[in-house]
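These are the structures in question, set out in turn.
What follows is a pair of complexes built around chain A, which joins chain B in one and chain C in the other.
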Partner chain A sequence: MTTSQQVSQPPAETGPQPARGAANRRRLPGGAMVWVLALLILAAIVLSKGVFIRPSNLTTVLYQTAVVGVLAMAQAYAVISKGLDLSIGATAILAALIIGDSSSADPQFLPHLPLPLAILFGLVVGLLVGVVNGFLAGRTAVPPFIITLSTYLVIVGVTFMLTQGAPVTQPAQVLKDLGEARVWILPVPVLLWFALIVVGHFVLSRTKPGAMLYAVGGNETAARLSGVPVARIKMFIYAAAGVFAAAAGLLFLARTGSVSPSAGSEFMLMSVAAVVVGGIPLSGGQGKIRDVVLGVLILGIAGNLMNLMGISPYLQMAVQGAIILVAVGANQRLAQGRGV
Partner chain B sequence: MTNKMVATVTADAGAGPRTTGAGPQAGRGPARGLSGLSGRAVEILFLAVVITGFVASPNFLTSFNLQGLLSQAAVLGILAIGQYIVIVAGGFDLSVGAVAAVSSMVVASTLGDLGVLGILLAIASGAALGLLSGLAVTVGRIPPIVATLGVAGIAQGVAFTISNRGIVITDSAFMTLNSTSFGFVPLLFVIWAVLVAVVFAFLRLTRTGLYFFAIGGNADSARLAGVPVARVQMTAFALSGMLAGAAGVLFAARANSGLPGLGVGWELDTIAAVVIGGVSLYGGQGNLVKAMIGVLTYLMITNVMNLADVDSYLQNVLKGVLILAAVAAPAVLRRRNHLMGRTS
Partner chain C sequence: MTDDVLVRMAGITKSYPGVAALRGVDFDLRAGEVHCLIGENGAGKSTLIRMLTGAEQPDQGVITISGQEYGGLRPALAHRLGVSAIYQETDLVPQLTVAENVFLGHEPRGRSGAMDRAGMRREARRVLDELGVTLPVDAPVSELTAANAQLVQIAKALSRNCKVLIMDEPGAVLSDHELESLFEIVRSLRARGMGIVYISHRLEELMLIGDRVTVMRDGQWVQTRAVAETSVPEIIRAMVGRELSDQYTKTAVVGDDVVLSVRGLTLRGHFEDVTFDLRRGEVLGLAGLVGAGRSELLNCIFGAIPADSGTVTLNGQPLKARSPQQAIEAGIGLVPEDRRGAGLILSRSVQENLTLPSLGRLSRGMVLRGKELAAVCRSYVEDLRIKTPSAAQPVRLLSGGNQQKVVLAKWLARGTTVLLLDEPTAGVDVGAKSEIYALMDRLASDGISILMASSELSEVLGMSDRVLVMAEGRLTCELSREEATQEVIMSHAVPMSAAIAS
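Showing the complex of A and B:
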């Protein structure tokens, strides 16, 4: 439903959307989410009686947020292109298992590899999954969520076939050490997340495929007619999402030191939640990496606060579902757009 | 190893359109799925699977195996009726599995005190969750996929909050639901058949039934033609929730317990089954009875793989590939028909 003007407007302003002639209808400006975040932080400090603001807790929040932060970035690429990638959580776990096992001194199902090669192996597998998704998204008319839900099934199957259900507990010691190492108060995985934010932002806002991604999401037919190679851009989008997902798996492995094939069941929902809470519309063609980072931080802090207040993880799951509904609902009402 | 598996996915998915070239949606352009021109692809596939099963395992056509298969089909089939309604009306319901889990937990925890009322309460809880999806889609203007994903999260949270472990049911009257059968036809299957008949009649004979197809075919034209789109969408999701609630009760009867973690992947199973039955993913087209044959076919494929001792993890992989092939075939053909057609 987006107008064709937006197509030629690459990394669009987060701000006004020329929606249905009504000039006063605008989606939430990026600034609003900053205020939500600020209010949430204030509420967290008060409700936790100051525990929240302790440096150790703040570090924990960032530490726990980093993995979802990277996944959400992958999801943002898909959502901005008016798609959805439900396979990234499973890809992350598969990559974590591959990196963990092949870098281990005593690998269970893979040949032993030196750590850099093991990491490369994991990232390449993520890339391959993304390429399959991207190929199908670009060359068939199957809705992306069905494609990625099916590849999700396949990946989970492969994961369990490889591991026979057993966790990988002995990744290379260096990796574990790196996971716990800190620069000042910032753990290395968090720094890696920051670095990936810069990369993700740069690709989206400063490169040609990034600009074309917005065009495809804004109006695919118009993009095709103006010469955007839509199938190739979709390949790029899902391939990038696959690599980001594998990187998230690497961070997850470094942080936890071990990974079970059944881990990460919450990743799918959380990555979508972070994107929509950040205010990126599901109708495609809009959104910035900054929005996702805000969304992830809001969810991470809300989760941390619920932990500090002793709310059961199951109830948190329900809260997360409700947050998705409220966030998208608010956004859609403001944008008056309908998508996916 | 992994690389090989991933490569297989590409190869097989690519082969999909060719192998199912005579697929349910083959070259029909905008014709209605109800018009009977769609060929007999589902029926042929169904028979092919039956014959394969018969050849592959002597245990396939035993009354024991069929009885299990049919009661399994009843649970998935009732979920699939709901999924069918929502898809025909132009949406998707990714919450059916989680809603069934809530319903199984509700019935398991209230049956002791409330008896039959507990069953009704379970079905009502499903309807309430379905209504929530409907509200999110109509009032909240949230795309169905995301709305039902959110509701699935809520439902999972609710199911686990009721209890994070399964609840065993001891009510002996309730258990007869599962143990009763007529020959090799279990009572559960009969319940499914009755529900299919009722919904079929509803779709054919009532105005709302017709409206489902209208809004799924083209919501804008339907609105201009005076169809109360929001109300019809709401009805579709509420019905799907209610049916998922019923399926949860039947599952509880089969498993003798309520399970909070139930139903993971069922949303995809139902979508796949319905698509195998020739229902268009773009809404507005599809025959309920064929969709139900799709359910049986889909389950038989799993059943045959079980009987042939295919590794259960490998089964997951194959299922994913199968779903992609089933979904991609009509989508690819459709794309050939309308080169400039709707984007996904």
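Showing the complex of A and C:
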């Protein structure tokens, strides 16, 4: 009870602490990725001869990054729980199609709904997909990777059956207007992304399900033996991922004004890329929303810079692949330095 | 014992950033001796061993093996020189068979260059025969008991013509009976002229098997003595650098009221018809050999495994715990045997681990009460004297003893009335051990009831108000503190159908 006991302890028994210095290093906000981002921004300014730093360009970067940004948060939840959600990209497109078609004046395959109801409809469908994923992940021994691979295929199939492969191009005009509307210089979709970052961060760091999510990802057995309702937490994780994915679909629709069923097959992969570039280990139990945001920004800025430099899209993909490898390699080096 | 020196390590020094792990340590090993190495966690034993197996290279110092001097070894070189190590966590591949594991990495080849399976099985059987054990060479290692898996590791070392065998805590996973057979094997290896480095926390083991014992403390050599010329108190004094008063603290405070009552509990294949009562403030020891069903019994009461039949009553109310969550809500806590695998979330912080079972109490709705979480954690870190630089320290960086204190603190913070302890001091060093005993005693005085399964007889005898002995899934006897002796317990712990494959 007393602090004097603390002081009088022999220091001998604390054992070797090679982690001390590393632990200090780790306390830098955001760790190594903050520096990578800073260097990247600096490089972008220099290489683009200042074009990068113009407000209009910065807005474009955020505008283009928002959709993947929201999807990557959904993915982060799954990855922190030691899972993976392959279905979020497809869920986003499904939600976008539902919102776009049912809010349109001339719906192709759904009844017409007022915009707020249409949005709600899309979000609820996202939630349902997530609930199915979460139920299976919590109650069966099938790995989340397989579960969400199956739901991904089911969703893609359903999407094509509904739309007959045709894109939805006429969502409610209000939605398009909102997608282009700005508050100060920031487009509404970007603001929505920011709001979701705050929500995602709060849930993960300040709520009971958030704390339990880390426990489940870190060691499921120990979590269960500590009274964590593992099945319920998994339900929560994938349900949250489903809703986030649907929200990403909404952003995508608002920004582009149209959505094709075949769009966004790379969304899911980009979400995984952003999570790992941000330094969240696939082994689970670790990672913060801040990390995902960093990962998304690094990939987004790199893409923007290559656009500004006129690099071909094919080469851009190759470069992004290299970025992912380098980032993961660097993060693992750091983790080893910490004595993991 | 001959005087052939197999290994001589002189002036070994090794630093990691910020810490000197080893400072000028000398160590030698002769052919045909068991040289015990002992010290508290963090004393530098494992680091010294890593130098010998080539896993790491010393900053300074010389290692001489069979007359040849080396500034540092590499794993491949150490292997060639006949140095093999057996660790607590086995490095066997569970899916492969016994024979495949024995020859992993140096499989015998036929003339065509293909693996010679028949030859491999024959050789594996020969090596195991040499050890005097019969094991099914075609069985996957995952089906073996911990004791037999250890034998496979020894066989693996022998198949590599090992001259220096390092055993790191081999007794930790064994029952006393299994330990005795292991000792016989160790003695026969010694008789063949092998040099054995034996690391253990259990002093009794060292006194039984060791020829010489070297004590380390804080990365330094303290003393090397012939076992015959030293004593347990002297070794403890050398290890901790101070006199350790009686390890066990025990005050009898057993109340009259029955808190936990188990009737006819059965889990087919593990235990049958288990009936007993646990009183307020009582420490009830559960003794028996490994595999007697003790862990399963605790897990069953805790709701982690559903029982096939029988009832559990807690404070007069039937407890139908179908998940740990329900048992925890009723006021039961489990400290599992596998601390790292089941007790803690190693990558997360002290605070997160310590407060995990109490999150419901420490949140308003869904939102955590951050200040209270920190306050609860701080008070238990101080109260149990958990040595950690901060509440944010990942528990994997704590020593075994401090990790175990975090597991105990989890349940104290939750407000538990019945504690189920499964091997509470496994892998915990001597200093922390007596702290845990003192804590158990204090908790019992506070009215908490403790059911403690332990393979360490001295611990059962030292701490229990009453002892239950389990053998082959049945309670074979109940002893009061006065009646309980090593002999009586062992006579009831060994299965009556004494056909034990060694």
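Keep this in mind: the second predicted complex is superposed on the first by the 305 of 340 C-alpha atoms of A that agree within 3 Å, B and C clash if a C-alpha of one lies under 4 Å from a C-alpha of the other, contacts with A are read in each partner's own complex, and residues count from 1 in each chain.
The rule is short, and it goes like this: a residue touches a chain if its C-beta (ideal position, glycine included) is under 8 Å from a C-beta of that chain, and two chains touch if they have at least 3 such contacts.
Just so it is clear, the structure is predicted and the values come from calculations on it, not from any experiment.
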Please work out whether A:207 is in contact with chain B alone, chain C alone, both, or neither, and reply first, second, both or neither. second
First, second, both or neither for A:318, with chain B first and chain C second: first
For A:120 in the superposed arrangement: first (chain B), second (chain C), both or neither? neither
Just to be sure I read the superposition right, which of the two partners does A:43 touch: chain B = first, chain C = second, or both, or neither? neither
Please tell me which partner, chain B or chain C, touches more residues of chain A. B
Of the partners chain B and chain C, which touch A:285 in the superposed model: first, second, both, neither? second
First (chain B), second (chain C), both or neither: which does A:221 touch? both
Going by the contact rule set out at the top, does A:308 touch chain B (first), chain C (second), both, or neither? neither
Looking at A:98, would you say it contacts chain B, chain C, both, or neither? Reply first, second, both or neither. first
Taking the two structures together, which residues of chain A meet both chain B and chain C? 221, 339-340
Give every residue of chain C touching chain A within the complex, in rising order. 16-19, 21, 40-42, 44, 47, 217-219, 241, 302, 304, 323-325, 328-329, 334, 336, 341-348, 352, 356-357, 359-360, 363, 366-368, 370, 379, 382-383, 385, 387, 389, 393, 396-397, 399, 410, 431-432
Residues of chain A that touch chain C when the two form their complex: 1-3, 5-6, 9, 12-23, 206-212, 214-215, 218-219, 221-229, 285-286, 339-340
Provide the residue numbers of chain A that touch chain B in the complex, in ascending order. 82-84, 94, 98, 109-110, 125, 128-129, 132, 135-137, 140-147, 149-154, 156-158, 160-162, 164, 220-221, 269, 272, 276, 282, 312, 314-322, 324-325, 328-329, 332-333, 336, 338-340
Using the touch definition from the top, list the residues of chain B that touch chain A in their complex. 1-3, 5-7, 9-10, 13, 92, 136, 139-143, 145-147, 149-158, 160-161, 164, 265, 268, 271, 281, 311, 313-321, 323-324, 327-328, 331-332, 334-335, 340-341, 343-344
